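Below is the structure I would like to discuss, written out as structure tokens.
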């Protein structure tokens, strides 16, 4: 089996595992991680396509590789935003715990 | 000459790998966090160091070799500081 | 070469196993550490796939800076009560999710195993046009010349994410300093690390940007290293986080896209198109854009790690 | 020679990834982090070996980045860890 096919299978596994985690994982932080794994799997798929397009003295097609670099940066900014939202939610929940009646925070749980 | 050079690389790189093995074994088998940290630093310093020294004859040019040494020094510095910080985080006075 | 495939198989297995661990771990800290390890393994996989540029980015951003954000977040979440009463899914939901995720995986695997022949590639075109740009690294050429609109929009995405994070600040803290990373406790070792590592890291970051024209490297990777060194100095309390409302901070954040856009619009006047470079000036313009971008990327990534403003953080 | 170096990269990675069992077992968070640090050092070694095998000096840059950011990630962990120690005994409204 060629290295491209091997990593291609790996990317398929990563997307599946990440998708499962995104749906099933109850902890919001791990949901974010699982979603990032879906992203990594997708990027790896791009890497495999790039590898197959190796030509002109290059190890791989540079166009998908450049798109992955862009994608990694975007994925990071989305993750940072998601984590900041989560921390803020956490602060609000912690504050609300001291109040007599906790407000509805079931947005997270109702999806599951 | 080239045979001798390759032999040097093979011996030192293998020795480095052995230190990684020892470090991992220590990390898995030692009873408490501080002794495990002790095992880890062996792999960090000696394992990587031996591999870098072993690779030096394979580097083409002085600059490339220098970069290898810089990587090792950086790893040393970072590893030493990180070890102390982790030791502190285990909750005992470092 | 019989050992190569074995190494590839090992890396693919390790990555998959770590992904499973991250998704199924019962304890968030273990999951985060697993994720950082997963990033490391992936950057090795990228090296094996011949994509050194991507490996550098994955190591710097995918594993390093993301890892720092997650590690800091997980300790903050750890020491208090859980946010939401985490409802576990029922057995039926699990079964349906496993089936659908498996279906997606199987579909992707089938696609991967039936490659088109000849494989589509733009490598020859990219290589043929490179001498015109005067840039040796095809990926830098693509990011800053052929598909520079993507790169520009990506910068805008970074700015949007930053605006989103800043808008999570409480009313009283609006435009003030973000909380410094870590704790207020000074520690000798941390101070030493904060004093010694950033100078070396800044040299390494600038070097990575500089070689990016002709060898793997570039603005993203270099910018991420610079951002990490800045955050390290802030952790060691060698500097204070900036007051984000200040005009200087806004300018630092925007200078990269501004220069990019200015040169882009100048393209209308000179060679006749948005983001097209006049013949012979491609390389100097690319370098100007790259330097401005690196600076902005470093500042934005750092501010993304710092998070929203918080009041009363000056000690 | 290239084959030997690639094989050694695989050996070091295999050895070090066995240590990842500590991420699963713990018990302390520091143990999990130690396993990750070991994987980091092992990856740096593997990258250097691969660079020598392929004969591409650019790959060494990946090792530089990995080393720098491993130190950074550990500092991030430890300094936030201090945070939870330091504020654990404060009343809640003073933690923010």
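In order of appearance the chains are A, B, C and D, and numbering begins at 1 in each one.
Following the convention adopted for this analysis, a residue touches a chain if its C-beta (ideal position, glycine included) is under 8 Å from a C-beta of that chain, and two chains touch if they have at least 3 such contacts.
Remember, predicted model here, so these are calculated numbers, not experimental data.
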Touching both chain B and chain C (chains): D
Which of B-D and C-D has more C-beta contact pairs: C-D
Centre-of-Cα separation between chain D and chain C, whole angstrom: 18
Between chain A and chain B, centroid-to-centroid distance (C-alpha), Å: 32
Centre distance in Å when chain A and chain D are each reduced to the mean of their C-alpha atoms: 20
Centre-to-centre distance between chain D and chain B (centres being mean Cα positions), rounded to whole Å: 13
Two or more partner chains touched - positions in chain A: 94
Multi-chain contact sites of chain D, meaning residues that touch two or more partners: 29, 33, 35, 64, 68, 70-71, 75, 77-78, 81-82, 96
In chain B, residues with contacts to at least two other chains: 74, 77-78, 81, 85, 88
Complex interface listing, chain C residues touching chain A: 4-5, 8-9, 12, 15-16, 19-20, 22-25, 28, 31-32, 35, 38, 42, 45-46, 48-54, 57-58, 61-62, 65-66, 69-70, 73-74, 76-77, 80-81, 83-89, 93-94, 97-98, 100-102, 104-106, 108-109, 112-113, 115, 119-124, 126-128, 138-139, 141-143, 147, 150-151, 154, 157-158, 160-162, 164-165, 168, 218, 220, 297, 301, 304-305, 307-308
Chain C to chain D touching residues, read off their complex: 1-4, 6-7, 10-11, 14, 18, 21, 27, 29-30, 33-34, 36-37, 40-41, 43-44, 47-48, 52, 55-56, 59-60, 63-65, 67-68, 71-72, 75-76, 78-79, 181-185, 187, 190, 193-194, 197, 200-201, 204, 207-208, 211, 215-217, 221, 225, 228-229, 231-232, 235-236, 310
Touch list for chain A against partner chain C, complex: 1, 3-21, 23-30, 33-34, 36-37, 40, 43-45, 47-63, 65-70, 72-81, 83-90, 93-94, 97, 105-106, 108-109, 112
Interfacial residue positions of chain D with respect to chain B in the complex: 1, 4-5, 8, 11-12, 15-16, 18-19, 21-22, 28-31, 33-35, 37-38, 41-42, 44-45, 48-49, 52, 55, 57, 60, 63-64, 67-68, 70-71, 74-75, 77-78, 81-82
In the complex, chain B residues that touch chain D: 6, 9-10, 13-14, 16-17, 20-21, 23-24, 27-28, 33, 36-37, 40, 43-44, 47-48, 51-52, 55, 58-60, 64, 67-68, 70-71, 74-75, 77-79, 81-82, 85-86, 88-90
